[in-house]
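Each of the next two complexes has chain A plus one more chain, namely chain B in the first and chain C in the second.
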Partner chain A sequence: MESFIATGLIGISLGTQYTLLALGFTLIFGILGVVNFAHGGFYVMGGYVAYYCNVILGLPYPVAVLMAMLSMAALGWLFEAFILERVIEDHQATLMVTMGFYLVMATAILMIFGAESPQFPFPVTGVWRLGGIYFPYANMIVLGACLAAIVFVYWLVYRTNIGRGMRAMSEDLPVASALGMRTKALFPFAFALATGLAGGTGALVTPILALAPHVGDSVLAFSFLTVILGGLGSVTGATCAAFIVGLIEAYAAVYLGGSKGALTLFALVLIILVVRPQGLLGREVRRS
Partner chain B sequence: MLRIDDLHVSYGGTRAVAGVSLNVDQGQTVLLIGANGAGKSSLINAVIGLVKMRHGKIIFDGRDIGNLSSDARARLGIGYSPEGRRVFASMSVKDNVLAGAVTLNGRQQAQSWDRLVASFPFLAERQAQAAGELSGGQQQLVAIARAMSGGPKLLLLDEPFLGLAPVWIQQISIAVRQMQNDGITVLMTEQMARPALKLAHSGHIMRSGLIRRSGSVHEIKGAALAEEYL
Partner chain C sequence: MTIGLGRLVCGSLLASAGFVGAVSACELKIGVPAVLSGPAAQWGIALRGATEFVAKETMEEKRLVINGVACTVSVKSIDSKYSAEGAASATSALAAEGIKVIIGPVGSPEVTGFKPVATRNRMVAMVNSFAKNSIGPEWPTVFHIGPGPSGWAAPIIDVGLQRYKFKTAAIVAPNDQGGTDIASVNADIFKQRGVTVTEEYYQRGTTNFAPIVTRIMASNAEALDLASSPAGDAGIIVKQIRQAGFTGPIFRLGGPGTDEIARVAGGLDILKDFLWYEPVYMDDNMRALEQKYEKLMGSVRPENSDFFRWTFAARMMIKAIQAAGTIDNAEKIAAAMRTLPVEDEHIGKGYWIGQKFFGINQEMSYPFAIGVIQGGVKQPLIRAEAVSEK
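Let's look at the complex of A and B:
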């Protein structure tokens, strides 16, 4: 029973991380109509920025996380406004450009920090225990920070004018712009929001999981999987799917053994998509 | 308020608008009547900037807006209700309506909402419901309220009666009258001449991308009704 609860906590923690990654991914797809293959790159680079600020420069960890978020948001803004924007009408070109940018980011990290994983320990150690349930403080802090970020994203998307504009644009871009929504400003904003979240998640999570140049690959895979499961472009769908994925991964790892977790996950997604091709909460058709 | 000069719109090889000039004076309601494919939507969409014009001039409020993006045109004070309504289906009624009020701050948005609700109480009753769940007539009213919420000077209504039952045609007509009373200038298109003619001051009959007849409602009535059955 206790291990069941402890595993559930881990699953929920994973769920919050996947939520942050998937929300950004789904916002970019919904609003810009772009599959961001560079998403994992922003996560890893966020991790390395935090590592650099915290370990090498000696800045406090919360400042390092903030730096990671801001720098990845800025990089995302620049990338969208100056590179992606030029090819935004051409689906194949957006695939090439985001994929290419991921390779550039991964190579830059490799050149600057080398191929080996740096030592980037979480600054808080210790374990919280209640009866037989163990939960490291580090995970607890990350869980809290991720939840706060999720609340912030929901507030932004559902309670502000900018959020209303983003939702309108993801439903019907021409009509939204004919009503006065500025795509020239909102596209880079949405992109920067998403990459800032990815960078912040990387800064929070890589100290407790792993920091290495290649970890972006699996981040992209999981974001993609989560978003497809939830329904491309759906915010609520991405959130639900992220928690489903996190819990399945955690329980499968404990009760079925490490590598079977991913297998279970892919099998489940396959089944869901056969039954519901548009994903759990996806729309039937999307604008082309 | 709005002047269109020798407007041409083409899609690939199809000529949708082939040289149209017209004026919409301040406070007037001007009707564009024409059968399927006459080029009405193309003209409306060229004014708001959703389709590119091949040639011509569009002057709004003394300003040449032909090269502006559509969001810039909207922000100058043009409200737009598209053909087929195109409400944001998964967004609430209130979010839909306020989506048209991008230039207003929070307090102004609240005022605008209150004003619209006073005219159309149904908006308040359904404010939290997803717009996609509404009936066609209700959606049309949401689309018009959305076009009005930013307080536009000029309103573009593309076939506001399309596919609606008589009750709703009446409702929409009431809404349009209200705008006229508020002094808003209206350019609307319609295939259904009869109810639309009751609202307009003057009209133009379009066919294959050209204006065939223009005049006061009284002058074009006969020709417009004939056109309806083409």
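Let's look at the complex of A and C:
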């Protein structure tokens, strides 16, 4: 029983991390119609910015996380406004441009920081225990921060004019534009929000796992999987799917073995997509 | 007529000059398929650093002289990505450049992808890998830089058993040949000593090992072996299993990389009780080699101590090329290598082994060391003699 509860905690932790990543990924697809293959790159770079600020410059960790979010949001804004915007109508070009940008980011990190993992410890150590159940304080803090960020994104998307504008563009771009929604402002904003979230997640998660130039690869894979499962463009779908993915991954890995965890996850996703190709909460036809 | 004769003479002179140039040019290009990205990058950086060092050393000290001409030596490194397809692709690219002499690759999946391409393109190579078929009679021009855990896991486990009491152990490794081959060899050695073993495998690319840690904790293992898990992965496993309350000794019966494991895990305190295979015993000779590297290359040597084994291997290759008198005939170089004694100016004498385990006597064996961290404090290395089949 203790093992079952401990596994549930692992699954929820994974789920919140995947939610933050998937929210950004699905926002970009829902609003811009772009599959952002550079998403993992923003996650890693966020981790490195936080590392640089915290370990090299000696800034407090919360400030480092904030710097990571802001710098990745700024980079995302610039990337969208000056590069992606030029090819936004061409889906193949957007794939190539985002993939290329990821390679540029990964190589830049490799050149600046090297291929080896730096020491980037989480400032809080210690573990909460209850019998055989344990939960590191660092994971608790990250869980809390991720939940707060998820609430913020929901508030922004569903309770503010900017959010309404973004959702309107996601629903029907030509009509939203005709009604005065400014794509030149909202597209970069949506992209910056997503990349800021990715950077913040990287800053929060890499100290409790590991920071290395390659860790964005698996982040991209799981974000993509989560968003496909939830339904491309669906914010609520991505949130539900992230927790499903996190819990399946944890329970399958614990009860079937590490190798079979990923296999089970992909098999289940495959079955769900065969039964419901548009994903759990996705629309059948994307209109914008 | 006069003009025609003049042209003939000039043409002959130019042709002769070209011929002389062709004869005098001796340019050895060494191919290095090395993992330069991902969690195993530290191993590839050591390989690349060692080969570049030996190339420079060879030229500076004129160690390779063929037909009276001192050869230039250059190194072409390509990222083999710790995968069979990455290594096959890198080797094909090296073959396309006409390269016949290879140092590397590092990992078992890479060596599996490398060997067919290397054999097809008639290359001679010094490879690593702890796979059960790293070398063999099917690949007569492939040599092994040193034994895997079959050679050195037993003495390390014995040291562990002397210092700590445990009757059960869990082994965690990637679920490909780079993990399963090593884990199964280690498991046999643990079992021979009366230790009950469970094996846990994970998909390469895993970044959160909490579920695997939960399984290990549920198995009530009293000791853990990280086997050949890349240093980056191993660091996360150590960090998470110590958080889960695991207090037993941790073995690292795979490639070296303790410094990076400690960095990722959060320091020596987290490693606590840790034993590992160290390719060399650090003495004055090894420190002299480090200083030589710094002097020649202008920087400190690559952090991973596999640098030393790759240095010995690359030097051995240069000696074989010198003995063969050719820079591009793989069979001749391999034949010359077999006749040379295993010996290096810094580590001393070793043995050719491999007949019993691989069916071919093409594995170099030098003295090695056992690393121990006890109570979070690094202990002096324990020297172990070279494995011999005699």
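Remarks
The rule we apply is simple: the second predicted complex is superposed on the first by the 286 of 288 C-alpha atoms of A that agree within 3 Å, B and C clash if a C-alpha of one lies under 4 Å from a C-alpha of the other, contacts with A are read in each partner's own complex, and residues count from 1 in each chain.
Just so it is clear, a residue touches a chain if its C-beta (ideal position, glycine included) is under 8 Å from a C-beta of that chain, and two chains touch if they have at least 3 such contacts.
Remember, it's a predicted structure, so these values are computed and weren't measured experimentally.
Because the two structures share chain A, they can be overlaid on it, and in that overlay chain B and chain C fit beside each other without clashing.
Of the two partners, chain B and chain C, it is C that touches more residues of chain A.
By the touch criterion defined above, A:Ala238 reaches neither chain B nor chain C. Look at A:Leu197: by the touch rule set out above, it reaches neither chain B nor chain C. Once the two complexes are laid over each other on the shared chain, residue contacts for A:Leu20 go to neither chain B nor chain C.
Of the two partner chains, chain C is the only one that A:Ile10 touches; chain B does not reach it. Taking the two complexes aligned on chain A, the least Cα distance separating chain B from chain C is 36 Å.
Residues of chain A that lie in the contact sets of both chain B and chain C are absent, per the superposition on chain A. Of all residues in chain A, only 3, 6-7, 10, 13-14, 110, 115-119, 121, 125, 127, 129, 132, 134, 136, 209-210, 212-215, 217-219, 221, 249-250, 253-254, 257-259, 261-262 touch chain C in the complex they form.
Contact residues on chain C toward chain A in their complex (touch as defined above): 36-39, 41-42, 44-45, 172, 175, 200-203, 205-212, 214-215, 217-218, 231-232, 235-236, 243-245, 260, 263-264, 266-267, 303.
Chain A contributes residues 161, 164-165, 167-168, 171-172, 174-184, 283 to its touches with chain B in the complex. Residue ranges of chain B in contact with chain A, taken from their complex: 48-50, 69-71, 74-75, 80, 82, 86, 88-91, 95, 98-100, 102-103, 106, 146-147, 150.
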